[in-house]
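Remarks on the structure that follows.
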Amino acid sequence: MPASYAYLGPEGTFTEVALRTLPEAATRELVPYVSVQSALDAVRDGEAEAAFVPIENSVEGGITTTLDELVAGRPLMIYREVLLSITFALLVRPGTRLSDIKTVTAHPAAQPQVRNWLKAHLPDAAWESAASNADGARLVQEGRYDAAFAGEFAASRYGLVPLETGIHDAENAQTRFVLVGRPARPAAPTGADKTSVVLWQRDDHPGGLRDLLGEFATRGINLMLLQSRPTGAGIGNYCFCIDAEGHISDRRVADALAGLKRICLQVRYLGSYPRADLKPGDADAPRQDTSDEAFAAAADWVGRCQDGRF
Amino acid sequence: MPASYAYLGPEGTFTEVALRTLPEAATRELVPYVSVQSALDAVRDGEAEAAFVPIENSVEGGITTTLDELVAGRPLMIYREVLLSITFALLVRPGTRLSDIKTVTAHPAAQPQVRNWLKAHLPDAAWESAASNADGARLVQEGRYDAAFAGEFAASRYGLVPLETGIHDAENAQTRFVLVGRPARPAAPTGADKTSVVLWQRDDHPGGLRDLLGEFATRGINLMLLQSRPTGAGIGNYCFCIDAEGHISDRRVADALAGLKRICLQVRYLGSYPRADLKPGDADAPRQDTSDEAFAAAADWVGRCQDGRF
Amino acid sequence: MPASYAYLGPEGTFTEVALRTLPEAATRELVPYVSVQSALDAVRDGEAEAAFVPIENSVEGGITTTLDELVAGRPLMIYREVLLSITFALLVRPGTRLSDIKTVTAHPAAQPQVRNWLKAHLPDAAWESAASNADGARLVQEGRYDAAFAGEFAASRYGLVPLETGIHDAENAQTRFVLVGRPARPAAPTGADKTSVVLWQRDDHPGGLRDLLGEFATRGINLMLLQSRPTGAGIGNYCFCIDAEGHISDRRVADALAGLKRICLQVRYLGSYPRADLKPGDADAPRQDTSDEAFAAAADWVGRCQDGRF
Amino acid sequence: MPASYAYLGPEGTFTEVALRTLPEAATRELVPYVSVQSALDAVRDGEAEAAFVPIENSVEGGITTTLDELVAGRPLMIYREVLLSITFALLVRPGTRLSDIKTVTAHPAAQPQVRNWLKAHLPDAAWESAASNADGARLVQEGRYDAAFAGEFAASRYGLVPLETGIHDAENAQTRFVLVGRPARPAAPTGADKTSVVLWQRDDHPGGLRDLLGEFATRGINLMLLQSRPTGAGIGNYCFCIDAEGHISDRRVADALAGLKRICLQVRYLGSYPRADLKPGDADAPRQDTSDEAFAAAADWVGRCQDGRF
């Protein structure tokens, strides 16, 4: 097993910064890949132990490239998640003043986050898209553009300086990243966990999706993400990527998944892992009737009824 | 274990006729009791192996005396059910003509079934209630009344003759009887079974009862009876006697019962037993997603996910 | 319109006492009838303005005779309800001591309420059923039995004295009575009202009843009574008598009834009337999303969307 | 009112082809805009009567740029939808042979559709992204790249020839376009219509989304699209873009929308318009209990109950 983590490159992006917040990253070789697909294929092919990719952000929602890779192809599993607050710095070559800036660049995903700032401070600057924020910084270094929006951490790598920092149109802008590996026994529950699955409906009828969600609702399980993705069977055909509260070793989650497995055409399990937004002690306990104890007591009672000992 | 069956007497009633349709009744001593309560207490106290009592009829609905006995007190279990079509004969002393009849008698439960017939044929006859239909026949034999409504089978026992038979106001009038014993391992499923339970809600809120019924509905389980009974905690406080399709050894039924056990304040299991209204081959098979195979496959899949083998 | 109220007689029963708690009873002639059926038929036939009958008690649950009369036949409507706490007195002829009592009588419905008291204080007394508690008192007056269980108020009418009062096995024993009239515009809402309906399912399928109850649940409407009654179409065929929170002039109740009307085979409206268990100011207000204001705002918004003004 | 339609340009893309399938397009000036946002702002600002933009495709799902524009900002309304099957041609300068091609270009959205074809026929060609498929064709004309994937219709405009046509990895690849205008009275129902809304949940609790979907499900309304989009309030906060069967003038749809309006924090109506995938006669009729007649009859019945005429 190679001790390397693939990640969506290039170096010097928010992805790398997020990855380095994981303690285990310090003991692995971190290898940038040009696309989510190639990073995940590196895991599938055994070239990397795991891959670190963005999966959701507060501006764009679910990141469809990543979701589509998890939905299809050889099964993968989410091991960990990381939340990173996203603010941009305006990086320039040393000596550049705001009034000198005629062209700015960044990855297109940055645009919704800096649009208002641009309108207020550089209304006349021309925007050019870059392949990544790091690549935008490189092009500024090379003199192709005057300024790049990127993480402040990217400045030193490209010999640039931040002219402005903390740029973000939306408050609470965050990106969620996941560390993805091959199927394995999920990490032990921490008390504040999340379980990800993909659901395909057996047939499409009024109430079909409502009934799927009912498997979570009747067991008191909150959902954090519901993202529809095309199945490939033509327009209007969707599967659903769902993040739900809890760990597959929680009885209520296991029970909900079993229910879904029965009523869905297909269910793909994507893993159970610690929540990045909550510390274990801060998660709400399950309701009395959906605790592990309640499930165990109910199963025991049914067994006693079946045996005539009631 | 005494080889006797208690039943709601006296002799010569529909209850005894229904009991004698059970093959096993031929090998037991059949002992009439004066009330449902005393018959069931005979079982509780070990005086009888089982008791045979009416539980539901098509005119009166659930028979509350029986239901209340099953709901409270030491637990009992339903072993078998019998359906009997109810039609009455008008029994008289030999020689009595219709025009001679001034007084008629029967158990009050017979009244809704013979009311129209009486209005048409004996509009001026006075009705007197008897403690049972058999007792009414005895009182006619003694000359106290002129005619009794009872089962035709009761005529010979009391030296009477049927002046008219097949009397029934409602088409399809039937009474359902149950053979009740002490808790034991339920009889093996036949493919057309019924499971009886009593449910007490944990708290009373909008949707509470809807959610209880949802445990059956989401598993494709039809209900045959839903009868509310007072809990004794004051007016407006009810528990629910429910007859549901299927056997506790069916995965969908066991799963529904486990769900109910979690969300109810209390569940009392009253047994799983063959349906009297259907032959095994005639029951609808469970839907694909609620078959035993579907439950087994789902549990297996969850186990594999928990083990990382997916 | 005759200014008389029919009631379930005879005189001197709990029913008459409950009826006299209604202020309007003081201005009507109160006429006892021998049965619930005859009292209600007096209303149907225009002989009485309204009829006062028991409909539910905390020991027996729904009173099936009354419910069945409301379910079938010419439509009637509930105008008012009264709750009466039920405790019994042991009435004897003056001079009778407890040790003199060999026989006791009362209506059979009294038996569950006095059973424990009898076992403790008169274990050897023989029980004989009477046609009503008042009739039992009359039979004691006539010397036929030694003692009668009846309301304390019945003593003077029959020249008896209460040897013991406040007899009740179950705490909080109450009977609910209703004043029933011909269909009319329901009384104005008081803020603490109840609406009664009878529902017949269109077809019987898993989840059918759950869906009916969902029409109340999704609108935050609590149920106070759900009593199944046979439809007459054979065993296992039931309609449902339901008492629900609120008044038909409340938007959420009207909306729920309209939903039920669509999905049920039949709905019979039985009236909206003030709750006897709550003062107007003490009822919970509807949830924000089911208030009249919420319904009005939603209807207004849909209208504006239909008109293109949004 | 200017008689012009804005559309997502440039000229010569699938969007323009789809727009020209609308009969009314023949009588309008068709004006290309550089972005979905600018096309929709042209409508908002009164520069264009309507805008034509892609909203969903069978490979990428909901087109988030368009959805986000409809979700936020000044309200707009969908007037029409168009479905277009998407297949690509490989466009080259006259004389280019397959073996000459070293570089290919197209809009990134084309990539999932031509990936397999490329792997099979041009495994060594380098991919370069273009701002649009039409722009890619222009760059081939200018000699910057050797070949472009685009609609076959784009060839003549740029002096190119199709070397291969009918390229599509996924069968049934379609894009759905919408004609968007300012809020107005929706077009009359055709019998096969669709209604689009955006829903924001009032609070986030287990079952919240299930209950929203229940407003459609209980009225027998099928959903064609459920696409979550970030609300901007931070990661994990989503609103839901929903396409549902039926027209706001259908009683069941109006009733569902009213229900949603009550229970949601906010509902944005996006219009009711003819379905492009069904001819009016081919749509399923509503179930008996959700037909306009059923709603009218139920409302009438409730009114009669309120008036005492039942």
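Letters A, B, C and D mark the chains as written, and numbering starts fresh at 1 in each.
Following the convention adopted for this analysis, a residue touches a chain if its C-beta (ideal position, glycine included) is under 8 Å from a C-beta of that chain, and two chains touch if they have at least 3 such contacts.
Here the structure is a predicted model, which means the values were calculated and not measured.
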| item | value |
| --- | --- |
| Neighbouring chains common to chain B and chain C, by label | none |
| Type of chain A:chain D copy interface by residue overlap (half), same or different | same |
| Inter-copy rotation, chain C to chain D, in degrees (Cα atoms; steps of 5) | 180 |
| Chain A and chain B: spacing of chain centres that average the CA atoms, whole Å | 57 |
| Cα-centroid distance, chain A relative to chain C, in whole angstrom | 59 |
| Centroid distance [mean C-alpha coordinates] between chain D and chain A, Å | 26 |
| For chain A, residues contacting two or more additional chains | 211, 214, 218 |
| Inter-chain touch pairs (all) | A-B, A-D, B-C, C-D |
| In the complex with chain D, residue positions of chain C that touch it | 75, 77, 183-186, 202, 211, 214-215, 218, 248-249, 254, 257-259, 261-263, 267, 269, 289-290, 294-295, 297-299, 301-302, 305-310 |
| Partner chain C, residues of chain B touching it in the complex | 56-62, 64, 83, 170-176, 204-207, 209-211, 213-214, 216-230, 232-238, 240, 277 |
